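Each structure below appears as structure tokens.
Each of the next two complexes has chain A plus one more chain, namely chain B in the first and chain C in the second.
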Partner chain A sequence: MYFIQHIESITHQDSFQKENIWDELKPLTAENQLISPDYKNYIPVAALRRLSTILRMGITASKACQEKVPNEFDSISVGTALGCLTDTEKFLVTINTVSGDVLSPTAFIQSTHNTISGQISLDLKNHAYNMTHTQNALSFEVALKDGLLCIDEGKKSVLVGAADEAIPFLERLRGSLILTHLPFTSGATFAVLSGEKGNSIAFVQACEVYFSTKSQETLVTLINQFLDANNCSSGDLDLILEARSDFRFLAKNHISFTDYTGFYQSASAFALHMANDWLIGNTDDKRILIVNNLESNKLGLTLINRNEVEA
Partner chain B sequence: MRIYVTGYGVISSIGENVEETLLALKSEKTGIKQGRKPYTERFKVGEISWTNQELIERFGLTQNASRTALLGMIAAKEAFGEHELSSEVRTGLISGTSVGGMDVSEIAYKDYLKDESDDLNVYKNHSSGTTSEQIAQELGIRGYINTISTACSSAANSIMLGARMLLSGQLDRVVVGGTDGLSQFTIAGFRSLMIFDEEWCRPFDETRKGINLGEGAAFLVLETEETMRKTGKKPLAVLSGWANASDAYHQTASSPEGYGATLAMKSALKVAGLNPADIDYINAHGTATPNNDLSESHGIKTVFGSSVPPFSSTKSYTGHTLAASGGIEAVFAILALNKGILLPNLNFSQAIEETGLIPVKNYSEGHTIKHILSNSFGFGGNNSSIILSAV
Partner chain C sequence: MSDLKENLKAQIIEQLNLEDLTPADIRDDAPLFGDQGLGLDSIDALEFIVLLDSNYGIKISDPNEGKEIFQSVNTLADYISKHQ
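After this line comes the complex of A and B, so read on.
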């Protein structure tokens, strides 16, 4: 079992450092901006100036997690679908517009996907295993699976998370390459997982990823097989958090998490936060399934359980 | 449980398959030369001469994609070779890449900046994750697919994650490696960092100035013993050790004493259950930047003390192929294990004053080589070491 010790999110919701994010959650509209915490509390002002949104969010959420747990992370695993888009675009503009041989390297340095996890290790002076995964809409799930594997291998305090940032350029791809009516948003969620129960109220029971999925029929079969492998069935689910709204019929409660996150491809990380905090507020509920079908040819499934009450 | 390598494939500026690669290594022939593209023609690069369209035709590829994906498909197809897909052998693919489809999206983006006449369809190849999905599709792999993007240690980390996925029983077989096509983005980026040598790179040499960039891809097929009983494949090598550690010193520079590198090498030895004295050859990261080679030398000295085994950087052959380098160098290591080869560090003449370490200078065969340590270090202080051993 992989107990959720602490979880932090910076999103377009008022979600940072909250007892229960559901106290603040509202379905998003296109007008909702990213709600940035006071980054100065986590990042020196001089450094802050050169950091893009995705780096600010990732570093701050991770540091806020580290503050809440006693041990240093012995594994850091980060997922990002499109990585550091702001700096990537900035450097593309530079190489096409600045003449001469002397270019500023900052945007290039910060354009690499693993700037997020690297910067986290730098800021925390953390020498542990440090990994960056990028698999489109399953970027969070593959990072989470790595974190779970680290716990199986004996790691004690594992940081997993995901971050993505929106840039205006994405609007040009709406309707052709990106089929969504949701607003493009930014978000970062980081969680500390451990094999020990600690102060957690819930644990990740399992996470699985599937590729080349086709019809909704196949998806239902995959979901049922996944639940079966984890000794439960759809009747045992108290809530489904789904990227779309195809599986309303499978559980008594259903929420499309993208109504709350907007569109970024690692938004299912925020669904983990929603699941954990749902169990804080809904004391009778026990089991939540996150169905990440944001992209139609792949599927991520994550099963969250309330901790057993000890007799 | 041991992890076996049962297939390998490689393409780089020194050869478009394993056989050609071995011939080039043997003849001490570098693939680095004056570039041919508008953005490489002023520099010495390890460029593959074919255009994207030529690659598709020459290697019978079924998809039009970015250069990164195409090179990946070529190497992965060679590695997967006669392996067969079967529902009884759960097969995954993990690929490393640093820039994904940047080589094509940067062209579209240039049109966008000019007059917004960019072909939006091109951007579907941009994401790094998509390059891996395209490579998997070319092989028909539909199981677990993942992409590691930790800059220059990406392929080594993919190899490492593949081994861990097999050990945990989540997969029976996994295709692992990395790929990166040259792009104007990376050339300009490394030039902006002032670690770009306009002459031939000279790893571990006192006069080294920086890297030559290259492109390429390499993949290995990893299987457990149990899987080999089903597939009937013969092992080429054992993947015996792996580790990743964070230097946590600077976003692009390595710590002077090579702290992260030392951690990675020591931990990989521990996973393999080996002592430093068991290592017969080190394929160093050796980018030829002043900072990396000094830091890595210190790390090697910390781990191996006064008896540093033969070592070299083969980036003087291929250029620095970034996310692919750990895969390409793993293929070199397997060749070295099976043929008793010590691979030379081309262009070396003068040891780094501070360390006095002298790499292997000439190609030679007939050595007894049981264990090879291969280092890959990336931006963000991401340090990885893997150990390949004779079967």
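After this line comes the complex of A and C, so read on.
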């Protein structure tokens, strides 16, 4: 079992360093801005001036996690779909517009997807396994699976998370990125997982990803097969957290997590935070399924159980 | 020369994202690198090379020259005025 020891999110919700994020959660509108903590409390000022939003969020959420657990992380797995967009855009615009022979190095250095996990390692002075996963809307689930495999290998304390940032240019790509009218948003969620129970409330029983899925019927079959493989059925689910609203019929409670996250492709990481804190606040509930069908041809499934539930 | 120095300070703040500083906070003779001055580092030195190229058309072919040129706003302004 993979116990959730601590989890932190920086999003357009008031979600950072909260006892239970559900106390403050509200459905988002396009007017909701990213709620940033005072990054200077976590990142030296000299370094902060160079860091874009996605790096500030990732480093701060990770450091806040590290402060809550006694041991250094034995692995760091980060998912990001579009990576460091601010620096990528800055670098590409500079290539196109600057007349000189030399380009500013900072944006180039920080434009790659693995800058997030790299900066987290540098800031934490952590030399452990460090991996970045980029699988569009399933980036978080793949990073999570990586973390679970690390625990299977014997690692004691693993950091898994995801981050993505919105830039205005994304509006020009809206048609090719999403089908809905969700606002583009930014967010980072990082969680510490361990094979030991500790002070956790819930654990990740399983996570699976499916690429190139087709019809709605196929998705229902995949969900039922996933639940069956984990010794439960849809009747055992107390809540489904879904990117869309296609599977309301599967459980007694259903919430579209994108109503609370807006659109960023690794938003399902925040659904993990929502699931963990839902179980803290709803002591009768035991099982939550996160259905990540943000992209129509991909499916991510994550089963979260209260600790008392047998895996 | 004083106009050049003031422009340089504004450009340094913008190029290096020194959000908390104003031109008035940077003394003409204060060291730009190291703990005694602004605390800039090696990436900032590369940014200075870009700044000189893009804003003043001055190319520094030998990076070792930078140590002398980038000591302070005074040395930068002096180098620019001689090479522009």
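We adopt the following convention: the second predicted complex is superposed on the first by the 306 of 311 C-alpha atoms of A that agree within 3 Å, B and C clash if a C-alpha of one lies under 4 Å from a C-alpha of the other, contacts with A are read in each partner's own complex, and residues count from 1 in each chain.
Just so we're on the same page, contacts are C-beta pairs under 8 Å (C-beta built on N, C-alpha and C of every residue); 3 or more make two chains touch, one makes a residue touch a chain.
Nothing here was measured: the structure is a model prediction, and the numbers come from that model.
Enquirer: Specify the partner with more touching residues on chain A, choosing between chain B and chain C.
Expert: B
Enquirer: If we overlay the two complexes on their shared chain A, which of chain B and chain C does A:Ser215 touch? Say first, second, both or neither.
Expert: A:Ser215: touches no partner chain.
Enquirer: If you stack the two complexes on chain A, which partner ends up touching A:Leu92: first (chain B), second (chain C), both, or neither?
Expert: Touch status of A:Leu92: first partner only.
Enquirer: Once the structures are superposed on A, label A:Thr283 by its partner contacts, choosing first (chain B), second (chain C), both or neither.
Expert: Touch partners of A:Thr283: none, neither chain B nor chain C.
Enquirer: Under the stated touch criterion, which partner chain does A:Arg49 make contact with: chain B (first), chain C (second), both, or neither?
Expert: Once the two structures are laid over each other on A, A:Arg49 reaches chain C alone.
Enquirer: Once the shared chain is lined up, is A:Asn231 touching chain B (first), chain C (second), both, or neither of them?
Expert: In the superposition, A:Asn231 touches no partner, neither chain B nor chain C.
Enquirer: So in the superposed three-chain picture, is A:Gln33 touching just chain B, just chain C, both, or none of them (first/second/both/neither)?
Expert: So A:Gln33 meets neither chain B nor chain C here.
Enquirer: Go through the superposed model and pick first if A:Asn41 touches only chain B, second if only chain C, both, or neither.
Expert: Neither partner.
Enquirer: Pick one for A:Leu103: touches chain B only (first), chain C only (second), both, or neither.
Expert: A:Leu103 sits against chain B and chain C alike.
Enquirer: Under the contact rule defined above, give the chain A residues that sit at the interface with chain B and also at the interface with chain C.
Expert: 101-105, 109
Enquirer: Flag every residue of chain B that touches chain A in the complex, lowest number first.
Expert: Touching chain A from chain B are residues 98, 100, 106, 109-110, 113, 120-121, 123-124, 127-130, 132-133, 136-137, 142-151, 157, 161, 164-165, 168, 170, 184-185, 188-189, 191-194, 244-252, 259-260, 263, 378-382.
Enquirer: Give the list of chain C residues in touch with chain A in this complex.
Expert: For chain C paired with chain A, touching residues are 15-20, 39, 41, 43, 46-47, 49-50, 53-54, 57, 59.
Enquirer: Under the touch definition given earlier, write down the residues of chain A that touch chain C in their complex.
Expert: 45-46, 49-50, 98-106, 109
Enquirer: Mind listing the chain A positions that touch chain B in their complex?
Expert: Touching chain B from chain A are residues 76, 81-83, 91-97, 101-105, 108-115, 117-119, 121-122, 124-136, 138-139, 142, 146, 149, 152-153, 172-173, 176-177, 209, 211-212.
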